[in-house]
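Common to both upcoming complexes is chain A, partnered first by chain B, then by chain C.
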Partner chain A sequence: MNRMWRQVRPYAYILPALLPLLVFVYYPLVQSVQISFLEWNMVSPNPKWVGLANYRDLLASDEFWLSVKNTGFYAVFFLVTLFAAPFLAAFGVTRVNSRWSAFYKSALFAPTVLSLAVASILFLWLLNPVIGVVNHLLSLAGLPGVNWLSDPFWSKWAVSMAASWKLFGYNFIVLLAGLLAIPQELSESARVQGLRSSWGLMGRIVIPLMSGTLIYVFVTAIVVGIQSVFVPVEMLTGGGPNQATTNLVFLVYQYGFQFFKSGLASATAIVTFLAFLLLIVVQALVMDRRAYYEN
Partner chain B sequence: MQEPCDIRFSAVRKTFGAQTVIPSLDLEVRSGERLVLLGPSGCGKSTIMRLIAGLEQPVSGTIAMGGQIVNGLDASERNVSMVFQNYALYPHMTVFDNMAFSLKLRKVAKAEITRRIQEAAEKLELGSLLQRKPRELSGGQRQRVALGRAIVQQSSYFLLDEPLSNLDAQLRTNARNDLVELHKSYPRTMVYVTHDQVEAMTIGQRIAVLRQGELQQIGSPEDIYMRPANRFVAAFMGNPPMNIVPVTVGDQQVMFADGGELALPESVLSSLKRCGEQHVLLGIRPEALELWEGDRTVVKPFPPSIAIRGEFIRSEYLGAVVIHHIAVGQHRLLVSSAAPVQFKPHSNVTLTASCEHLHFFEAAGAEQRIPLTVQHLKPKNQPEQVLVMSGR
Partner chain C sequence: MKIKVSGWNLLLFICLLLSFFPLVWMISTTFKQADQIFSEFLNPLPRPFTWENISYVLNAVPMVRYFINSLIVAVLVTAFQLVTSILAAYSFTRFDFKGRQFLFYVVVASMLIPIQVTMLPNYLLISKLDWLNTYAGLVAPQLANGMGVFLLRQTFRTIPQSLYESAQVGGAAEWQILWRIAFPVVRPTVLALGVMFFINVWNEYFWPLLVINDKDMLTIPLALQLFINSEGGNSWGPMMAVGTLASLPPLIAFFIVNRQIVSSFISTGVKG
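After this line comes the complex of A and B, so read on.
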C-alpha cells in the first residue's frame, strides 16, 4: 500500500496542473483536428464528413496565402520590435548612469500595464489622419501625412506598432533581468583581458551567457506578437483594408466566428499550430543545444 | 625583466559621487616586487587595484606604469592580468577556452596558445581539467584556473584581489605558498589585495597598510610589525592585538589613568619628553610580555626592562599559544605564551618586558609613533632596577 502510494504520489501532485491542461488545451486540440475534417457550422446537428477537403480549399484560397505572407511580415516586424529592440534597450540601460536607468526602466515598462484594447484605442487617436499626433509630427518634419489605417501598405505597420508598443516593456524587463544576472566581474575581467568594444562584450560574454533568456524571448516575441496583434487588427482595421492586415490567427477567427465555417477554421488553426510547432522544435533542437543555462 | 614595470601613484584622488574613497595617495610599487595592499574592508584597497587595472579612473593625480602615464588608458590596453575575488571564470567556456580567451583576442597563433596553456596547466596541475566547465570544478581548482588564465596572458603586471578568500583554511595555507613559488617562476610586478594580515605577512615582500584611502605605512613585514608607524597599524597587525594603554608622562615614570605608575628607564623617558607630549599611548605586544607568579620587584638589569603588577583573570588555550588575561588597574592586558600556566584566578602576577619592545604613540592627531632610543643603550655599571606600581 505504502509502496504503491509512493509510486502514485508524484502523479497525484501533477494532476491539478495536468487536468485543466488536458481539458482546456489538449482535448480542444484533438477536437479541432476532428472538426477540420467536417463541414459544419457548429450548431447544425448533422456535421458532414468531407475528409481533407477543408485543407484542399484552404491551400487553394488566395486569402490563406495572403494571411501567410502577412503573418511572415508580422513575425519579422515583432522580431525587430519585441526581440532586437528590447535587447538593445536593455543593454543600453545597463550602461547608463544608474539615476537615469531607473527612469528608463519605468518609462519603457509603463505601457505593459495597459490592456491591448486600450493601446489600440490610443493608437486610433494617435494615427487619426486629421487630428492625430503622428501625422502632425510628420508634417512638422515636412513629410506628407499617411492614412495609417486605410492604406493597404501602412495599415500593417499601424497595427504592428500598436501591439509592439504594449508588448515591448515586458520583453524589455525579461531581457534586462537576464542581462543583470550576468556578474559584473565577468565583463570587467573580459575588459582587463583585452576586450575593448561593447559589441565584442555583447558577442563573447553577454549573448552566450543569457542565451536561455534570448531563446525564450525570441520564440515568445513571434508567437505572442502574432496572437496579440489580433486585438488591434480586430479593433482598428477589421482585417482590412482589403485583407491587408489579416493574418492566420485573424483568419481562424473570421472563418469560425464570422462565417461559421468551423471545419475550415479548424483546418486553418491546425496549419497555424503546425507552423508554431515547427518554430518550437527548431528552438529545442538547434538553439537550445548551444544555449548555456546556469544550472 | 628588461623594462621597468613599476607603478607610481602621485596625488591620486578617487571619489564615487559625494563619497571620497581615496583623498590623495602617493604610492610606489617597485618593478617585480610582491606588494600587498592591506587594510580593513572599505579602506580603498580594491579601488586602488581597480585604478591600476584601468577599471576605474582617478578624479585627479597621475598613475604611471613603467614610466608611462596611464590616466585615461582603458583596462584593455594596460597589459595587466587580474585575478578576481570570485575568479570571474566565464561559465560558458571550458577551462581551456577560459585560459585562451585573452590570447585569442590578441590574435596569438593557435600553436602558441596551446603551448602556453599546456605549460601553465602543468605547473598548476590542471592538465586533466582543461575540457571541463567551471561549474564542474572545486573551489581550489577554480582558483588555480583563474591564476592560470592570468599567467598565460604574460602581462607585466599581476593583480590579485583577495584571491584566497573563498578557500578553506587548509587550502589557503597551501595556496599562499604556491603563490609565492609561482611569483618566483614568473617574476612580474604583483599587487595583492587582502584584509588578512597572515596572507599579507606571508605573501608580501612589502606591505602597504591602508585606512580610509590613506596610506598608513609601507614597508617589509618586519618593519610593519616591529615598528608600526602609528597606533592604527600597531593595533591592526598582530593577533592577539597589541595592548595599548593611555599614559601620562611624569618625571621618573608614566602614570596610568587610574593612578597606577610605571617606572621607566631614563633613556626611554627622555625620548618621551623630547617629543613634548604629556599624554601618550603605551603599546606592548602580548608576546613581548613575560608572566611571573607573585610580586617581582627586581628584574634583569640589561636590556632595560619594566615590570607591571597585575591580577590573573583567566587563560585561553589555543594549542600553540595560550592567551592570558591580566587585570592591571582598570585595564585588561593580554599576554601570550607557549606554555599554559596553573595560576589561580585573582592571584597576583607580574608582567615583565624588555624596554625595546615598548611602543609609544601620540595620544592625539595622527597617533604617530614616538621613536625611542632605548635599543642603543649600553649597559651601565649600576643595575637598573625598575619597579612598577599599579592601581591594585
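After this line comes the complex of A and C, so read on.
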C-alpha cells in the first residue's frame, strides 16, 4: 500500500494543477478547432459541418484584413511604448543616483497594478475634447485639439495610450531585472578601456548581454499589448468609429458574442492564436540557441 | 558626463509624470466638487474637499456588493492557484518520476494559450452547468496557473537535496517535509505570487464580461462601465471616484509588498 502510494504520489501532487488546465485550457483548444469547422449560432442543436468554409470566408472578408492592418498598427505602437521606452527608462535608472533609482522603480511600476478598466476611464477623461487635460495642453502649445475617440485616425492612438499606460511598468521592471543581471565588472572594465558614453555602453555591452530579456519583452509587448487593448476598445469605442479601432482579438469577441457566428469566431481565434504562437516559437528558438535556459 | 546624467534624469522625470499624473489626478478629482472639476482641472488640490462623489457612487449603484463580489472571486482564485501551484512545483522538484519533463511542459505551455481560443467552449460549458452569473462560473476556469508553477519551481530548486535527506532521516512524513521544511524557504515567493494573482483577478475584465450580465453579480471592473455614458455628458467626479475605489485594494496590496514584488520580479524574471 505504502509502496503504491509512493509510485502515485508525484502525480497526485500535480493533478490539482493539471486537471483544471486540461479541462479549461487544452480541451477547449481542441473544441475551438472543431467549432471552427462548423456553421453554428451557439444555441441551435444542429450545427452544420462546413469544412474550411469559415477560414475561406474569413480570409475573403474586409473586416478581417482591416483587423490585421489595425493589429499591425497596435504592434508597432506597443513596440515603441512597451519595448523601446521602458528599455530607455530602465537603462536610465541604472545611470542615475541610486537614491533616486529605488524611488523610480516603485513609482514607474505602480500603474501596472491598476486595471485596464480604470486605465480606460482615466483616458476617457484625459482625452475628452472639451474638458480633457491633453487637449488643454495641446492648446497651450498652440496646437489644435483632437477628437480622440471619434476620429478614425486618432482613436487607435487613444486606446493604445490607455493600454500602454497600464502595461509600461511591468516591461520596465522585467528589463531592469535583465540590466541588473549584467555583471558590474563588465561595465566597469568597458569604462576603463575608454567606453564612456551611455550609447556606446548600451550598444557594445548592454544590448548583446541581455538579448534574451530583450527578445522576451519584444514578443510580450506585442502579444500582451494586442490582447490588453481589447478592454479600452470594448469600453470606449466598441471597435469604432466605423471599425477603426477593431483588432483580431476584438473581432473574435464580436463574431462570437455579438453576431453569434461561433464557427467564424473560432476560425478567427485559431488564426490569431497561430500568429501569436509563431512569434513565441521564434522567440523560444532564438533564446534556446543562446542557451539561456538554466538547466 | 554631468549633462548626460541629467539627461537620463529628465527622461525619467517625464516617465514619472506620465505614469503618475493620471493616477494623482484621478484621486484628486474624486474629492473635488463638480464646478472645480470643470473650471480648474489642472489644479491638483481639491478646494473644498468633498466626499460627495464617493457618496454618490455608493448610492447610485450597489458598490459594496460589487466589492464583495470581486473580493470573493479574487480570494478564491488566489487561494486555489497558490495551493495547486505549490503542490505541483514541489512535486516537479522533489520527486523523480516518469513523464516529469513532459508534464511540466504541459503545465507551463498552458500560459501560451490565449483566452480568445478557449472562451467560447468554456462559456458553453459554464452555461451548460448553469453557472452563468455565479461565483463558480467566474472561478472554475482559473483554478490553476502555469506561471505560478513555473516561478515556484524555480524557487523550490534552490533548496538543497541534503535538507530533504536529513528531514527524511529524522523520520518526517512527506507532507510535513513540504509544509515544515520546504514551504518556509519559498514563502517570500508565495507571498509575492499571491499578491500578483490577487491583483490580476481583481482587475480581470474579459472573462467576467462574458459570464456576468446580472447587475447584482458584476465585479468592480465591469461596474466601471456603468459610469460611461455613450451619449457623452459623463459625470466625471463619480467616474473618477469609482476608479479610485476600484484601485484601492491593488494599490494597498502593492505598497504592502512593494519590495517583495519588485525584487521577486528581479530575481525570477527572465535573465540574460
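Keep this in mind: the second predicted complex is superposed on the first by the 268 of 295 C-alpha atoms of A that agree within 3 Å, B and C clash if a C-alpha of one lies under 4 Å from a C-alpha of the other, contacts with A are read in each partner's own complex, and residues count from 1 in each chain.
The working rule: a residue touches a chain if its C-beta (ideal position, glycine included) is under 8 Å from a C-beta of that chain, and two chains touch if they have at least 3 such contacts.
Note that the structure is a prediction, hence the values are computed from the model and not measured.
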Fit-or-clash call for chain B and chain C when the two complexes are aligned on chain A: fit
Which superposed partner A:Val113 touches (first chain B, second chain C, both, neither): second
Which of chain B and chain C A:Gln31 touches, first, second, both or neither: second
Touched partner set for A:Ile205, first chain B, second chain C, both or neither: first
Which superposed partner A:Ala89 touches (first chain B, second chain C, both, neither): second
Angular separation of chain B and chain C about chain A, which is computed from CA centres of the superposed model and rounded to the nearest 10 °: 80
Which of chain B and chain C A:Ser189 touches, first, second, both or neither: first
Contacts of A:Ile131 with chain B and chain C, given as first, second, both or neither: second
Dominant contact partner of chain A by residue count, chain C or chain B: C
Touching partner for A:Leu236 - first (chain B), second (chain C), both, neither: second
Chain B and chain C, minimum CA distance [Å, superposed model]: 9
Contact residues common to both interfaces of chain A (with chain B and with chain C): 196, 209, 292, 294
Of chain B, residues touching chain A in the complex: 53-55, 74-78, 80-82, 84-86, 88, 90-92, 101-102, 105-106, 149, 153
Interface residues, chain A side, partner chain B - complex: 183, 185-186, 188-196, 200, 204-205, 208-209, 292, 294
Chain A partner contacts - residues on chain C that touch it in the complex: 1, 4-5, 8-9, 11-12, 15-16, 18-20, 22-23, 25-26, 29, 37-38, 41-42, 83-85, 87-88, 90-92, 95, 97, 100, 103, 106-107, 110, 112-125, 140-146, 149, 174, 199, 202-206, 209-210, 220-222, 224-225, 227-228, 234, 236, 239-240, 242-243, 246-247, 250-251, 253-254, 258, 261-262, 265-267, 269-272
Residues of chain A touching chain C in the complex: 9-11, 13-14, 16-21, 24-29, 31-32, 35, 42, 85, 88-89, 91-93, 95-96, 100, 104-111, 113-126, 128, 131, 133, 136, 165, 168-169, 173-174, 176-178, 180-181, 196-198, 209-213, 216, 223, 227, 230-231, 234-236, 249, 252-253, 256-257, 262, 265-266, 269-270, 272-273, 276-277, 280, 287, 290, 292, 294
